[in-house]
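In what follows, chain A forms one complex with chain B and a second complex with chain C.
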Partner chain A sequence: MRVLEIDNLHVSFKTRGGEIHAVRGVDLHVEDGETLAIVGESGCGKSVTAQSIMGMIPKPHGRIKGGSIKFRDHEMTTLSSKKLREIRGTEIGMIFQDPMTSLNPTMKIGHQIDEIFIKKLKLSRDEAKKKTIKLLQEVGIADPTTRYSDYSHQFSGGMRQRVVIAIALAANPSLLIADEPTTALDVTIQAQILELLKRIQLERQTSIVLITHDLGVVAELADRVSVMYAGIVVESGTVHDLFESPKHPYTWGLLKSVPNIHSQEKERLMAIEGTPPDLFDPPMGCPFAQRCPYAMEVCIEYLPEKEFFSESHSARCWLQDKRAKGYSEIAAGGERHG
Partner chain B sequence: MGETILDVQNVKKHFKAGKHQTIKSVDGISFDIRKGETLGLVGESGSGKTTLGRTLVGIYEATEGKVIFDGRDLSKLDRKSKKMVNREIQMIFQDPQASLNPRMKVGDIIAEGLDAYRLKKGSARKQRIIELLEKVGLSPEHADRFPHEFSGGQRQRIGIARALAVEPSFIVADEPISALDVSIQAQVVNLLADLQQEFGLTYLFIAHDLAMVNHISDRIGVMYLGQMMELAASDELFAEPLHPYTKALLSAIPASEPSLRGAKERILLGGDPPSPIEPPSGCPFRTRCPAAMEVCAKQKPQWKEIKNEHYTACHLYG
Partner chain C sequence: MYVIKRLITMVVTLWIIMTLTFVIMNSIPGDPFASDAKSLPEEIVKNMRAKYNLDEPLPVQYVLYMKDLLHFDFGPSIQSKTRDVNTLIAEGFLPSAILGLQAMVVAIILGLALGIIAALNHNRGLDYLSMIVAIVGISVPSFILAPLLIKYGAVEAGILPVASWGTWQHTILPTIALAVGPLAIIARFVRTSMLEVLSQNYMKTAEAKGLSTVYIVCKHGIRNAIIPVISFIGPLFASIITGTFVVEKIFAIPGIGKYFVDSIFNRDYPVILGTTIFYSTILVLTLFLIDLCYRFVDPRIKMTSGSE
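Let's look at the complex of A and B:
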């Protein structure tokens, strides 16, 4: 069963400088109980995609211009804001990068979780408190009965993120959207949170959409991956497809620009030269063509269609087109390096 | 390599917090940096790595201890010779947005050092700006633009050009790539490596990304709560870490590919680092250390060379 299916999503923002085309035809889906990672750099549209799922595109500047987002039985792009609010926090849980922004600094931590049980699940105050304490324990807060009455500033960054995860899980959602959940955390704390998310997934069978720029987090947590660049999904596949036989030059570049801690030799990093294109006036062709060492004429003019390599693995790249004679070797070579 | 350029002897940097409290950000650190090497400094937020870096370049004055640069004790210099030493030690900051004056043209930003030391004027100054822009991969016409017209990676290049302008021998780079995207990080790291080779620069590279620090550094120092816990050649540190904190830190690095998921045993540390206002007695790591013993609370472990060029401060090693 598919929990989430996004089809040809377009989102843009009106600014004083013109219209930014942030998401330009994104397709992706999430199966029941799996973790889909959306990877990409700042401005690639990964967070905007996540916001669209939750109906949280800031209005009136932002607008979903086309496409559909199907979450279970709901078409999210046409739902009323009231209905969206109902779904958020019950059927879809959310975790953001900075836990401080999702917590109310003037309210006891326990009460913030109670609220969900009381308002959304219509439990009594006592029942809610019991459930909250149990949940705090589940997400690894030591001494939950005491911590129930503490305020967010009395928690460390890692502990706050655990509380945010507890809030996201309270209504037992079928989909969890985690936008850079460990980016603001130190590496030892990041490891704790990753372990926690793994355990939650295992025990609760929650589907997760994980937004991140960190390939290490992807390698640890994801079942499938969609790589985004300049508002477009350039490659998508299982986590093994992506790491072991990547097909798009941007994916090759991403994988090679991170140092390998297992290699003894300190080779020069393969940097991707240049910077991403301006989304006020997105390029006609492949958005990566400008930075791509293998770009051909066709790449500048036409956006490649999705090419499938297996049921799970696809990429948008002219190198993979059968007509790109002589380039198949490059394509094969790139995979080996990846 | 081998000759010492910077000798750090028992340096402390304490800050007053309120009337009766002191934050011991850096609390007695000794090590040396050798000519032409890159020393990586890792540690989590609050470990004191940035404070240490700033104390070494002279932004902060050390509360105690000595910093000896090229044979000169920095605390004992008069103003004039201090200014001369400052020219040789430059810094690159984490946030290129915050460290570049938005009202100044890039050319003038780069020439700040040239102007301060009255090194070049008129056309020679202009020539030098162009030369520096090209060195860091920007073009001459960029000199007349303002910082906001550049991307994050380009801004960091401007920061690097500014540091290079006065021909320093030692550069402290404080998280120079953490604000940048992955593909841009590699560009900046490669640039730093090229410049090091061309000018024989010595780097202190402060970062929290362990894989990147390992890539760029010859040796790595690990800090925790104001103290140096371990220092060794980077290969040695990654292959045979001694200190329990270093072990935990390395084990926390996410798998580099999915096939290595769960391949190594993860040492999950309980809790969070204690406050530097009231650090634990004895070893600062003992409250979270899986190997803590009675002695760790009573006595501060000594900083010792356990193996050749491999230092640590831990009671497990005598």
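Let's look at the complex of A and C:
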């Protein structure tokens, strides 16, 4: 069964300079118990997509302009804010990027967790405390009974992120949204947090939407990947599809910009030239066309439709159109050997 | 250890203030008997000066005053023949402190409410409305506000007494007159700091827990927003509970506010010193209490004596 299904989502922000079209027709879905990674560079709309799932787009400037977000039986885009609040925290949990600032500095760690049990699940204080201590233990915090009464400044970054994860997990939600959960952490701590997320998913069968720009994290944790660029999903497929036979030039670029530790010879790390388009006035055609070494005339004028390569693997690129067959082979060939 | 160190610093601070006041006070031209000098025979003035040790050289006066001060004796008042400075302060402080405390409670509660409402409605009608109220509160001087309060609250409505001191009803109008200024200042500071807090990530974490806005603001917001506000509530508090000249004069309240001003015009040296030291003591103590307060409001602050 599908936990989450997003269809043709449009989100925009009103600013003094005009309207920013942050998300421009995103389609994605998450099956029960699977991890979907949303990958892309800063400003591609991945965090905004996550916020719209939670109904937490910054108001009053941000607005969902179209499309649907279906979470279980709820159509999130039309729910009342009261109903959204009921779902938040209990059925969908959220892990934030920066553990240093996402905990309240003047409230005991324990109370930041047990308020979910007390306020949302209507448990008594004693029960809530017991559950909180058990949860702290589960996310790997030593001596949870003492730590319950500590404040966030007494925890290290990794430990704080464990607390943030505990908050997200408290009500045992069926969907966990992790917005760059390891970006702000040391590499060794990153590995521990990823281990923790993996273990939780295994034990609780939680579905995870993982937002990241780190392909290493994707390979480690995700089942499927959606690559976002300038507010649209340009390619999506299983981790295997994406790493083994990427179809979109942007995905090629992303993969080539990751250092390869197993490579024997000296290899130049490739960066993608240029910058993403201005979302005040997004291009009519493929947003990547300006930076794409294989761009054709059609790319600038028309946005390509989704092309399916298998049931799970699709991309939006004119190179994959039947009419561009000859050209795409040259491009793909050049990509592999270049 | 921290407390002891602070107490010692406080005593030193007070001693410096006292000494400076003594020096400055004696460098103002004139003396307590200057205005009466013409009518009084020279002999009498001489005797009077001797009575208050004013015929001694300044260093000797200083040492004599310090000696009394060590016994918490502020000496006699030159103007008031019947009461010494200790009695003046003791009698006047009670009404001033009652008014000041009431005004502070009103200012803090309403200031917080106004500031929070403004922050939650950032750049919308209610925000502008509360900030207009705050600016009016800061701009209207108490000598205009107080007569207006008397006119509409007492004379025309006829519910509250016009002035003077006695029952609790007598305190209502002066409390309002005193509270408006601090209320407006607190409201503006709370608004700024609440806006800052509302944009913090931990507020998003709280929102993602699905808690209600009112709960989030009360439980997660206020305590963090109040931290920067506390530091200026201290001096505000100290100055307001030691009385104000204007409001006490207009409402005919027997507080100590008037002594701060009158004593300087009369060159009533012991009263000048007494009131200054009294005010400084209250101020220094309040600041100390505020620092202790921080420890409970902000767990990140630890009380150490610096070198530790």
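To be clear about the criterion, the second predicted complex is superposed on the first by the 326 of 338 C-alpha atoms of A that agree within 3 Å, B and C clash if a C-alpha of one lies under 4 Å from a C-alpha of the other, contacts with A are read in each partner's own complex, and residues count from 1 in each chain.
One rule holds for everything that comes next: a contact is a pair of C-beta atoms (placed from the backbone, for glycine too) under 8 Å apart; a residue touches a chain by one contact, two chains touch by 3 or more.
Predicted model only: the values in this text are computed from it and were never measured.
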Partner chain(s) touched by A:E220 [first = chain B, second = chain C, both, neither]: first
Partner chain(s) touched by A:S257 [first = chain B, second = chain C, both, neither]: first
Which of chain B and chain C A:E297 touches, first, second, both or neither: neither
Partner chain(s) touched by A:E273 [first = chain B, second = chain C, both, neither]: first
Which superposed partner A:E195 touches (first chain B, second chain C, both, neither): first
Touched partner set for A:M107, first chain B, second chain C, both or neither: second
Chain B versus chain C, judged by how many residues of chain A each one touches: B
First (chain B), second (chain C), both or neither touched by A:E75: neither
Which superposed partner A:D32 touches (first chain B, second chain C, both, neither): neither
Footprint of chain A on chain B - complex, ascending: 44-45, 151, 153-154, 181-187, 189-190, 193, 208, 210-212, 214-215, 235, 238, 248-249, 251-261, 266, 268-269, 272
Chain B-facing residues of chain A, complex: 41-42, 156-159, 186-192, 194-195, 213-217, 219-220, 222, 239-240, 243-244, 253-254, 256-262, 264, 266, 268-273, 275
Of chain C, residues touching chain A in the complex: 200-202, 204-212, 215, 219-220, 223-224, 227, 297-300
Contact set on chain A toward chain C in their complex: 54, 56, 85-90, 93-94, 96, 98, 101-107, 112, 115-116, 119-120, 151, 153, 164, 167-168
